[in-house]
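Take a look at this one; I'll ask things after.
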Amino acid sequence: MTLEGLLVVAAALFGVGVYGALSQQTFVMIMMGLELMINGAILAAVALWAMSAGGTPKGQLLAVVAMTVMAVEAAVGFALIVGVYRVRKADMTEKLKRLRG
Amino acid sequence: MTGTPGEVMHAAVASAGMDMPVGDVTPELVLVIGAVIVLVFALAAPRRRQPWAAALALAVLAATAVATLPMLDGGQHLTFFDTYAADDVAVWAKLVIVAATALTVALSVEWFRTDARHGEYYALLLLSALGAVVLAGAADLMEVVLGVLLSSATGYVLAAYHRSSARSAEAGIKYYLLGALTNAGLLYGVVLLFGLAGTTTLVGLGDELVGADSTALVAGVGLVVVGLAFKVGAVPAHAWVPDVADGGPAPVAAFLTVVPKVGGLVALARLVVVLPEAGVGWRPLVALLAAATMTLGNLAALWQDDVRRLLGWSAVSQSGYGLMALVALGRSELAVASLLFFLLAYALANLAAFGVLVELRGRADLDAYAGLARSRPLLATALGLAFASFVGIPPLAGFAAKLLLFGAVLDAGYAWLAALAVVNTVVSLAYYLRVVAPTWFQPAVEPLPVLGRWAAMAAVASAAAVVVVGIAAQVFLGSFEAARLLPR
Amino acid sequence: MLSAAIFVPLVGAGVVALLPASWARRARPLAIAVAAVPLVLLLAAWARFDPDGGAGFQLVERARWIPTLGVSYAVGVDGLSLPLAAMSALLFVAAIAFPADVRGRPRTYFSLFLFLEAISLGVFLALDLFLFYVFFDLSLVGMYFLIAAWGHGDARRAALKFFLYTLAGSLAMLLAILGLYLATEPRTFDMVEIIRQQPVPAGGLGSALVLLGFALGFAVKTPIVPFHTWLPPAHVDAPAPASAILAGVLLKMGTYGFVRIVLSMLPATFQRFAPVVAGFAVASIVYGALVALAQTNLKRLIAYTSVNHMGYVMLGVAAAGSSLTGDGGPRAIALTGATVEMVAHGLITGALFLLAGSVWARAETYDLDAFSGLAARAPAFTAATVLAAFASLGLPGLAGFVAEFQVFAGTFAVYPVLAGIGLLGIVLTAALFLRMVQAVFLGPLPERWATWPDINRTEQAALAPLLALVVVIGVAPGWLLDVIDATAGRLVGR
Amino acid sequence: MSRSLLVDLAFYILSAGAVVSAWLVFRTDSMVRAAYWLLVSFVAVGGVLVLLSAEFLGLVLVLMMAGEMTIMAVFMVMFMMNPAGLNPMTMVHQHRAAVGAGLVAFAGLAGVGLVADFPDRAAPSDAPATAELGTELLGDSMLVFETAGVTLLATMIGAIAIASRRGRYGDADAGSLPPELEAPAPKARA
Amino acid sequence: MSGAATWWLAPLALGAALAGGVYLTAVLDRLVARAVAGVPLGVPDALVAPARGAALLLLSPPAATERPDAQSWALAPALLAAVAAAGTAAIPLGPGLAVADVPDGIVLFGAAMALVMVAVFLHGWSANSAMPLLGGYRFVAQALSYEMPLALVLIAVALPAQSLAVGDIVVAQEHIWNVVRQPLGLPIFLVTAAGLGFWGPLALPDAADVAGGTSVEAAGSALLAWRAARAAVLVAAAAMAAAAFLGGWLGPVLPGPVWMVAKTAAVLVAISAAGHLLARVRLERFVVVAWTVLIPLALVDVFASGILAL
């Protein structure tokens, strides 16, 4: 288990997340991609904390902050989906074509 | 011991062993507590009393301003173990945010009158303003992330606040998707910087990043800059601005194009100055973003027939001008002053422009503005003043801002950026006049229906402030000149 | 006193704009009265002005404005600005008094004129670059609204073009001002101080860029070929009094800027590029005259003669700045000539455009082919037009001659070839004016103009002082030359 | 088998699991499975965190994501009108661009991980990580902690404001529209 | 944990303990049921009855639905058992006698219990049938409601110990048990434990009004596995209750592990009794009570113990 290996795994998670966030049409699936990106960030944070930053508690805290971001965005995302679903009866990005230009 | 009274006091407090300098975050505390009070009021008050929450919110903002003002001579220092800056830049940013939020509240009263959730809206508005305030003071990357998060999470909701409107919901979702994407990148960038420096405080970054690996540094800085560009509404994360301006509630659009920008630009400024220029060419990077932002915003605005989208794109291009100040940081004495003055001038002008839009009940149809100068001369004048300030016509506030910005980038050796800004300014005149000209030169028609007194007063007051601030620039510049941008 | 000349019309503009609707009919006399105040004040200033009195500016008034940036409110006059300011004030009174179709919005119309008067005087009187720029830029705004709201034809498009071009120029100038400003130590926008410091030494890219910025800004405003394309539509579509102001006052801001800023603050750099400027000036002279010759539209014709005349001014300025050492005599003469040309052109072209306004009011066309034989029908109109036209083509005994003679006399010593080519312009101008006079006033009177009314009392009263001055300057220019000469001499280092 | 070898083995298995299940999130036909593949990925990452002696963080990650992923699954099933969620649901747009962007992101960040020279300061293996985190939260980074708290509060207010249907005065949606362009009776004059 | 050679022993021991616990649960439940009903206990019969029932289920044919998600369906009971095992792993039977008495023991327990929700929803959903899915939904709502109080009371017991390790928490009760020190803790924990094991009043996901809920389509060995796994969750919860509130292995005369088993059994009896004595609650009511009563009470518990611990 090396730092390089950990960072490559983190990058892979982030990359898959990017793919998911950009390729999916369902909001919830897009959110999954976003969560995966943050998952990669958490892994990278802890890896750097353990292997590069000498175990300073700020590294752990950074991971906690990342989880906060994840939780907050999930909550707001779900709320927005509920809102959109209610007015639109739709949950596909393709149907969001009203605003453009 | 010598020093200003504020410094002495702070030193005394520090030596007294107080590790929780609560006094340094009084405005923030006032905002939090105020938001909760507004929320509780909203939950308890009967429906017809809901608009009173606006008055309550204004009181909270006034209290925040009162709490902020004494900090102007409070000795500029870092606080909370170097995670937060209590410097004049932060104080002024707070004042601008508070003023902009207060004007937004005034714009919102009549707009949301029929909404059953009238009260919670103001609580969210205060919390969103708090997010920008946190950004403006953040001296720690984690604080930056949380500031972005607080400001965004509330922003998404505000943009989608018309819960029965598909357009509003769509604006919120689009804002959210772009925000979540860039936030994830921001996080990863912060992680990389943390890995290099072993800390997240800006002080620590400034010390540790010298000689750090430049690959990781560039990647980290790039991701963080993109993350903050989202808040600022700058390329490459600008796409939400016209959507929110168009689909979101108009007062919210005014708010979201101003307040997060104030926080985001200050946060970005704070970050870039501690970066080692040898390791990462942040200056050309920011210059490039500024150039792309102002140009793209202008070109897109040029083709708009929809006033709301036009205002949105104009807000994008204005972000480009704001970024110019960052390019000059550390190279020109004018940089910090120009940033602050730009923020002030932009906030007022943008609120005036959106204020007129709100007062006209969010009317986006350009043709409907014909003859406005005769049917509603005050509104037409306010709109004209706001746009003239955007262009930088003297002696309005926008002119002094542009003068300072141009001076700063020239001073920093970025003459090409100044020249490009000039070209863009000329281009922008074309689309601003597309709106203003019909209001003056076409015959009057039936007066457009308006919203109400509060919105009209807010719009006119902002426009008047654009004039006053421009002429009385010294009042502000005298203080801006002495403002420090900690930790450098 | 000078401040009052700026602020009285400014306040007057606000008052007129906010007059109650029932007072709308009194807007015009009120505006004339207000507009006359600066004229009186400037005449008083003239009386107190001492042509040989010390170096620099007189009647200076100062106030702190933005000390942080080194910006102050400062006004004052010297032999260059005083005649221009006085001429502008006079022209404004005439333009405001001249009858015009206010399209039911008299209060806004007169308010804008008063606003523009304050701004224009501000440009000529300002002794602070910041203040100068503020007024310079605001002049665009005022003129934009005048053209767009009261113009005819495709007025809004013409106004937009005018605004865009001149704004681009003025922003380039802003950068140049900042370049100057950033080089000062301590930083200041004070013109007197900058002239003393000469902060940007010649040589190097920086000084060239600063010069380029100013040159662009002023060249668009003046305008010099090839930056003139905004001018014909703006003039043609503007209402006549606005055209008069545009040609008579606003164009002068460009040439005035060349002398006041470029020549005074960047003499060494200007000297490097003076031949280029002279080349452009000659191009303007010839091109303006040639194109004017081809016009069938009266107003467009006058507009192009403005390009031509501003070329004379620029030629004089270029000659004045062509050297830093040596005999200053010819260069001082050239500069004096250029200044007189500014004044004379203001009066003459102002009168011509006002007369064009009379034509429009009666015929709703500017087409030269539509007119003929008006001399018999309208003698006063004919006399005024012919006088102005002859003054414009440089007939001896009239103001234009004094100015052009001096310009060419001075320039021959420096750029003999260019001066020679420039003379060609005079010949062409003579030809085109003679042709115009012949076409409009001689020949048979067409049936449709059988009831052509001559210019009325008001029009005559507005035109009279302008034309009288044209004659006075032509016959006895001493009083004017005295004022200008000392300053011109100082500027070229004689 | 030595301990470090064991750790390495666990790391390889867990990280392969994390990445593969992450990929499967977007490759499965079933929404519930997608959500739970994502959970698997998180649990695997949690495992790696435990290997890195950040047990607390790893466990909290699992704790959080278990709830969140289930909610996601519920949402998916509810909003897709497909109760069992077993019908095929490949809904992908701009596939190539997305793959490209994902690859670029991966290559860039992995490149940074491989090429970049991060400081080489390993954490002391016997450090009381959780206690240190607690001390940090209530000490040096107190403000960060408190900001996070306020952010969560704001999120709750916002999410409820926008998502909950029933309000104090009946349907909360009522009147949540922008004002009509034509005012009923324009009284205020500007 | 003790060495490279014996690392495989730990899971084995855990499995054995859990299996014993599950069987014990079944036996106890039968006894409690009879006690509640007032009929003779019939201990010997109760001892073999679970085995008999299990054998019967094993022999009965498996059921099938139309297009189920077969893998998930098969996985769900295993997952439930696995998370129960993971939760139990953190709980020491005696001093140092735990599979993984890790420093973050109660977090491990909490994480494992959070995954219960995943297993149950998966079980309900994968059958591709309406009633199980309804059961799954119910459990999600139920679990989201008890999760917060559960976490809070566990934090409360960690405060006096200044540690998140379950062993340390037990040691900290040397002088006074947490059940006394934090009187609110155990009742709240028991409620959440019942919720965790969807037992008794909170057996909503598998309740009769949804025709058996998540397990309605299950039969035979699958049903047996599901029931056993659910019992394992109960065992884990009971063991945690014993360790966190009842002093764990602490007790006079008898060796520690015996005390631990006894206390766990006692908690199991209590939960089982509640199941037989109390009526099933309605989901909406439970949710409301959880959010408006349990969470505030749990918060009071945390604050009170925090102040006491200072």
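Things to note:
So that you can tell them apart, the chains are marked A, B, C, D and E in the order they are listed, and the count of residues begins at 1 in each.
The rule we apply is simple: a contact is a pair of C-beta atoms (placed from the backbone, for glycine too) under 8 Å apart; a residue touches a chain by one contact, two chains touch by 3 or more.
If you're wondering where the values come from, they're calculated on a predicted model, not measured in any experiment.
Leaving out chain B only, with every other chain where it is, the touch network divides into A, D, E | C. Touch-path distance (fewest steps) from chain C to chain E is 3. Think of the whole protein's Cα atoms as having one middle point; the chain whose own Cα middle lies nearest to it is B. Among the other chains, the CA centroid farthest from that of chain C is the one of E. By C-beta pair count, the most extensively touching chains are A-D.
Spacing of chain B relative to chain D, judged by their CA centroids, is 28 angstrom. Centre-to-centre separation of chain C and chain D, using mean CA positions: 68 Å. The distance from the centre of chain A to the centre of chain B, with each centre set as the mean of the Cα atoms, comes to 26 Å. Centroids built from CA atoms put chain D at 5 Å from chain A. Looking at chain D, residues 56, 60, 64, 71, 108-109, 112, 118-119, 121, 140-141, 144, 148, 151, 155, 158-159, 162, 173 sit in touch with two or more other chains.
For chain E, the set of residues touching two or more other chains is empty. A complete list of chain pairs in contact reads A-B, A-D, B-C, B-D, D-E.
Looking at the complex, you find that chain C touches chain B at residues 64-69, 130, 133-134, 137-138, 141, 145, 148-149, 155-156, 160, 163-164, 167-168, 171-172, 174-175, 178-179, 181-182, 209. Note for the complex: chain D touches chain E at residues 1-3, 6, 30, 32-33, 36, 39, 46, 55-56, 59-60, 62-64, 66-67, 69-71, 73-74, 77, 83-86, 128, 130. By the touch criterion given at the top, residues 14, 17, 21, 27, 30-31, 34, 37-38, 40-41, 44-45, 48-49, 52-54, 56, 58-59, 61-62, 65-66, 68-69, 72-73, 75-77, 79-81, 83-84, 86-88, 93, 96, 98-99, 101 of chain A touch chain B in their complex.
If you check the complex, the residues on chain D that touch chain B are 108-109, 111-112, 115-119, 121, 139-144, 147-148, 150-151, 153-155, 157-159, 161-162, 167-183, 186, 188-190. Those residues of chain B lying in contact with chain C across their complex are 337, 388, 391-395, 399-400, 402-404, 406-407, 410-411, 415, 418-419, 422-423, 425-426, 429-430, 433, 437, 440-441, 473-474, 477-478, 480-481.
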